[in-house]
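Encoded as structure tokens, here's the structure I'll be asking about.
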Amino acid sequence: MDNRTQQDFEPKIIAFVCTWCTYAGADLAGTSRMQYPSNVRVLKFPCTGRIDPVFILKAFQQGADGVLVSGCHPGDCHYIAGNFHARRRFAAFRKLLEFIGVDLNRLQFSWVSAAEGGKWVEVVTDLTEKVRTMGPMVEFKELALEEQWSGAIDTPELKEAYNAI
Amino acid sequence: MNNHAALDTSIYTAVTEAIRVEAQRILSEGQVTAVIGYAASRRKGSARPVIATDAVAADKLIFTAACVNNLAVYLTKAKKDIHKGGKIGIVVKGCDLKALIGLMGESQLKREDLYLIGVPCSGVLGSTMQPATELTTATIAPKCCECDVHQPTGCDFIPSVTVPSTPQLEGKYSAEIARLEALTPAERWSYWKEQFAKCIKCYACRQVCPFCFCEQCLCDRNKPQMVDSTPRPSGNTAWHIVRAMHLAGRCAGCAECERVCPMDIPLNLLNRKMAKELKELYDYESGLEVLEKGPLNSFAEKDDQSFIK
Amino acid sequence: MQNFISEQNLNVLLEQLIKSGKRVVAPRVNSGTPLYEPLSASGEMDLKELPRRSAKEAFFPVCEDILSYEKVGLNVKLSDVDPARFPETVLVGVRPCDAAAIPVLDAVFSWDYKDQFYLERRRKTTIVGLACTSSDDACFCSGVGLSPSTTKGSDLFLTPLEGGGYVCETYSQKGEDLVSNYKELFVDTTSAKPLPLAEVRTETFDLKKVKAWLDNNFENSYWDGIAISCVGCGACAFVCPACHCFDIVDEGAEKKGQRRKSWDACGFWKFTHHASGHNPRDLQPKRYRNRIMHKFKYYDDKFSQTLCTGCGRCIRVCPVGIDIATIVEEISHK
């Protein structure tokens, strides 16, 4: 399905971050002219408590090779307890994904504060390199190509359309 | 022939009789406006949920091994056309009672609005496609093999019969979860892929679930469309992951989702897996005590965060 | 025309059909569940049980693409699915209750609008029916005027013989072509007797009376009583050989995606939910009433046919044990 080779494979990393800590931390990394992989696409949320597990699913379905969820350190939440709730939710969700057969090495969680530009660089670089060695995430993408037998037809146009995801 | 032993369901005659007498009494005394229970229907051995509003209907109530439904679903917001106010009587097995307790914890029901008729239960069938099937160690619902509430407690009325001691049954879910956990991620993925591919999105799993009481399901929304609505392997997988996640820490283990699946997808495996994880992580288990908060809408500062950088 | 084919030769026939590039769809067991599915080898066929889903999906798939779209600059590029790509199919081992539903569906899919997706698949499919030798108390084909040996809808019809093998009767050009293309596999005579057919319920429904009552009782408290326990899933409609409602949705991203058609069911709350927020069938009894009305009145009004073949699937899978045979019987005695 995926004809990108290991050499020219650039992982797509989606980062769901909270606006108060990690987004500001990433901003700090940028304004401090720190270098980090451009593979990461940042999506800003009010709080990690707002990040629904279904967003992670959607990211994988739309072609992400790795996902990062990052927010304020425990005790620092702008909304007092959003990240505590998120911590439990994601602890449970990763167990579910693991049981379904998703390799958890593609999913990273972190606490990055507004002052931790360096940590942001480290987390993003680590995840990107880890996913790079793992290669493209093909499971969800291959699933998108599959049909119930009764609806399956051999149309090259459709196959091509899917491949472009 | 395999050595599948028949199970003792002899108490169900006495249970049926007791349910009828009690239902007639509370209806005629005006204690309740209706009793939700089971009655026989045309097919041999079959039972279906009924809402008895008078003594004549109450005299038709039964309890048999085919009384599989979790009637708690009829008290939820999703079925609001039934519960029109007033106190309601409901026949509950131990597993169904756990669901009612869970719904009370989620402020969906008030204990004082219910008259609980608890059923001492030695097990029900795993499938009612052929309701006349005899209850044996092979046909019993897998949930009954791991049941710890054969004798419910905390009800307004419980027939005074003793549940015969059941033979030690193999815990099918724990064995199957252990088997899957021992596989590689790729092997697990292909297992679930095959299962979810069969799904036709009839949503029977959602509709019978007492905890799926959202008036509009996330998966029925299209702005934004978080989960593809068509019954293709991709949208099916997303749906079943979302379903399992939304029930994590809430599911009471009635296994209705799995029983009703016309495509035989082992849905309760996902629910049991999540229950197992939440037990390990937060020492939470669904039970017979009303809890104000479940494991995923509460937290502790010392919660494990070894998976977070 | 009557012929005979041995068990072994039927397998050879399926193998040769598969080899010739035809899609052979027959009952097989998919991780424990009997379903009509394409065979990769004749040995996969398993005729013991009635498949959980009906044979309608060979013509009316669970889900299919109708077109794909892509935004190119300011324009949108549309690519239609080309029905010419639908595979030539032989549907084998179809029970009479499933086969009989197909001519019923033909009426609605070739009525005012000619549904090329359905009709093209239909044109390319040969249906090999199979007389029914097993039943349970959910079956009621005899109640709606059919029987375990009804040949309606079949191009070629097989009746199992004692000790294996089948009597083959052809009922259309397609059936005759199939036999003549592989005539070395068929023989003219056999001494074996046919297997006894499935037992059927003895009472039949007076469908005229049912319709007459339905004509006058759109509003009736009977509906509340029968459907109060209905939980509003689509299991009954999805396993039904005759239900044919579908939904059309666009799926994909903003830039590109597919328009898809997939099964829908009148039991769903969302089925009649208007964009305004209003829902004319706001309560489950109204939705269930539509199911009965469509099957025994509306379809009769429009096409003079009954939209039910008595396969009993909806009775077996209903999560809450709603029994359509009981309902029709009750109505017929009103």
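Structure notes:
Think of it as A, B and C in the order they're written, each chain with its own count starting at 1.
Everything that follows uses one rule, which is that a contact is a pair of C-beta atoms (placed from the backbone, for glycine too) under 8 Å apart; a residue touches a chain by one contact, two chains touch by 3 or more.
Predicted model only: the values in this text are computed from it and were never measured.
Judged by the touch criterion defined above, the protein chains are all mutually in contact, each touching every other. Two chain pairs, A-C and A-B, are weighed by contacting C-beta pairs, with A-B ahead.
Comparing per-chain C-alpha centres with the mean over every protein C-alpha atom, the closest match is chain B. Centre-to-centre separation of chain B and chain C, using mean CA positions: 31 Å.
Averaged Cα coordinates give chain A a centre that lies 43 Å from the centre of chain C. Chain A and chain B, compared by their mean Cα positions, are separated by 35 Å.
Annotation for chain C: residues touching 2 or more other chains are 62-63. Of all residues in chain A, those touching 2 or more other chains are 147-148, 151, listed in ascending order. For chain B, the set of residues that touch two or more other chains comprises 200, 231-232. Of all residues in chain B, those touching chain A in their complex are 180-181, 185-193, 197, 200, 218, 226-227, 231-234, 237-238, 241-242, 244-245, 248-249, 270, 273-274, 277-278, 281-282, 295-299, 301, 303-305, 307-309. Those residues of chain C whose C-beta lies close enough to touch chain B in the complex are 30-33, 35, 52-53, 62-63, 136-138, 228-229, 231-235, 237-239, 247, 249, 251, 260, 262-263, 265, 268-270, 283-285, 315-317, 319-323, 325-326.
Across the complex, chain C is touched by residues 62, 147-151, 153-155, 157-158, 161, 164-165 of chain A. Of all the residues in chain A, the ones that touch chain B in their complex are 52-54, 57-58, 61, 74-75, 81, 84-85, 87-103, 108-111, 123, 126, 139-140, 143-144, 146-148, 151. Contact residues of chain C toward chain A in the complex are 37-38, 57-58, 60-65, 68, 70, 79, 81-82, 85-87, 253, 256, 258.
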